[in-house]
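There are two complexes below, and they share subunit A, which is joined by subunit B in the first and by subunit C in the second.
Let's turn to the complex of A and B:
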């Protein structure tokens, strides 16, 4: 295929987001505010890392890439294409929940669109992932609505979290200047601009039910850079920790 | 020897391969087997995981190989079938009964997509009451959700419906 480089670019940015956010979600294990939330974030971590693995496997098996484990654990920071949104530390629970809501809704519109992809491995994977994501968005929507309707302090915190997270979340939809036109022309996916639009339509009704005000999207500046290898100061320490065991002996068989 | 072994015998043997997380259900009960083919040097079995990130997949794959090889004395290869994806409607009625007796509510039959409403009033596996509510869509394993029964006052798990 002539557009292998474009496909790889898209897969890597999707997979890296899943891997890094999966890692962040797993940091709630043992620390969740209530037991069910501890379990929820741990389960979602497992799902995300599973989705990353499935994407890295497509790279490996269909596009001649490296073995998923090596690709995930040995790459340099610069070679990662994760968005800044997923790299940030968990902070308070309001930020983690808001990030989860904005990211998983974005992921949902993306996988929905991939059901019609011209790239067959995307069609197969998206069917599987889409069903699983239902539970992520069910969880996210429920908590966003409940906490926003739970009193003054709670509402204020959720609104602040939304205000602080929206530009970062918009950064998920950073198109690759080199490959975007090819991917759209080849009908691999509808393109970041279209997904950005669908995502806003998806999150809006939940925000309305939560009485949260979506900032004027025309005034925000999406936080770009991650897709081009420019990262926050938080990614490198995360990569070091994540690959600590693997890098003790990269040839070991687990 | 392999000529005398039928596909039916392989399926029968597969009923003895249990799910490590729910040991009362076999890979047949769960609908995880998508194909059995007799090949020149043994049997080729195709399977699918329930959830994409199920950590037990390679363990189950290994169990299938070991059990069928031991019981039937033929070489077994097990492949993950990428053409088919698992949905909870694949679970047999017998499996749902076994699940309930094990204390886990079975998944509702799905017509179309999963909607939030389907997770309400899941019958309690302990007392049968439908006065229940969803406490969390995530439970002790990826395939389970946590509910609470208002009638008998117990928390229970459900094998959740999956499209």
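Let's turn to the complex of A and C:
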């Protein structure tokens, strides 16, 4: 296939987002606001790491890439293509929930579009994750509506979280200058611009029900850079911690 | 505040200031919801436990991860525990004579033999 390099680029950025956010969200395990939520949020963090693993496997098995574990744990920071949104520390629960909402809605429109991908492994994977994502967005939507309607302080915090997160979330849709046209022409996926529109149509009704104001999207500057290997100061410490056990002995058999 | 609790939901209610009117904001007062689990279409929903949640939707969201993560599941019900009407414990005597009325038990009829015989005859 002539577009292998383009496919790899798309898979790596999707997978890296899932891995890094999965790791971040798992940092809430044991610290969640109530036990029921702790379990739900941890479980969804595991799902994300599962999605990353499935994508790294496609890279390994279909495109001649490295073994998933080695690819996830040994790469340098510069080789990661995750967006800035997923790298940021958890902060408080309002930020984490808003990130979860904006990211999982973006993930949903992306996987939905892959159901018709010309790349067969994408079709299979998108069917496999469909049910999980349905739950993730149900959970996210329910929390956003609940907290936005739970008194003045709670509402203000959710609006602030949205204002602070929206440009970062828009950064998910950073297209590759090199590969984007090829991926669209080969019908691998409809392209970042199209997904960006679909995503806004998806989040808007939930924000309306929550009485939250979506900032004017034409005035925000999406936070790009992650897809090109430029990261925030928070990624390197995360990678070090995440790979700590694996790197004790990279040849160990588990 | 005189009665700090380890549970933030209790602290939010600002109990302990006697005489003051306490206004509970919508969603602030979490409830207990009973969870019922269905393992295949058409089967009975069976009670499996409970969750705390601010509203029925989140109760369902929580119940899914609490009770339907590993076991096979096709559907869940949640119902606010307070909406369940039950007999008082001291009313147990209403059921006391049941054991003397075994003639009412469906178990007295030996039909399996007949059913098996019929199946074999076919």
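Simple rule for what comes next: the second predicted complex is superposed on the first by the 254 of 254 C-alpha atoms of A that agree within 3 Å, B and C clash if a C-alpha of one lies under 4 Å from a C-alpha of the other, contacts with A are read in each partner's own complex, and residues count from 1 in each chain.
Definition applied: a residue touches a chain if its C-beta (ideal position, glycine included) is under 8 Å from a C-beta of that chain, and two chains touch if they have at least 3 such contacts.
Keep in mind that what you see is a predicted model, and the values were worked out from it rather than measured.
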item	value
Clash or fit (per the criteria above) of subunit B with subunit C on subunit A	clash
First (subunit B), second (subunit C), both or neither touched by A:220	neither
Contacts of A:50 with subunit B and subunit C, given as first, second, both or neither	first
First (subunit B), second (subunit C), both or neither touched by A:151	second
Which superposed partner A:242 touches (first subunit B, second subunit C, both, neither)	neither
First, second, both or neither for A:39, with subunit B first and subunit C second	both
Partner chain in contact with A:139 - subunit B first, subunit C second, else both or neither	both
Residue contacts on subunit A - larger count, subunit B or subunit C	B
Contacts of A:127 with subunit B and subunit C, given as first, second, both or neither	first
5-13, 41-49, 77-85 or 149-157: stretch of subunit B that collides with subunit C	149-157
Doubly contacted residues of subunit A, that is, touched by subunit B and again by subunit C	36-37, 39-40, 43, 135, 138-139
Residue numbers on subunit B that touch subunit A, as the complex places them	51-55, 82-83, 85-87, 113-114, 116, 119, 135-140, 142, 145-146, 160, 162-163
Subunit A residues touching subunit C - in the complex, by the definition given at the top	33-37, 39-40, 43, 135, 138-139, 142-143, 146, 149-151
Touching residues (chain side subunit C, partner subunit A) in the complex	8, 25-28, 30, 51-55, 57-58, 61-62, 64-66, 69
Partner subunit B, residues of subunit A touching it in the complex	36-37, 39-40, 42-44, 46-51, 53-54, 124-125, 127-132, 134-135, 138-139, 141
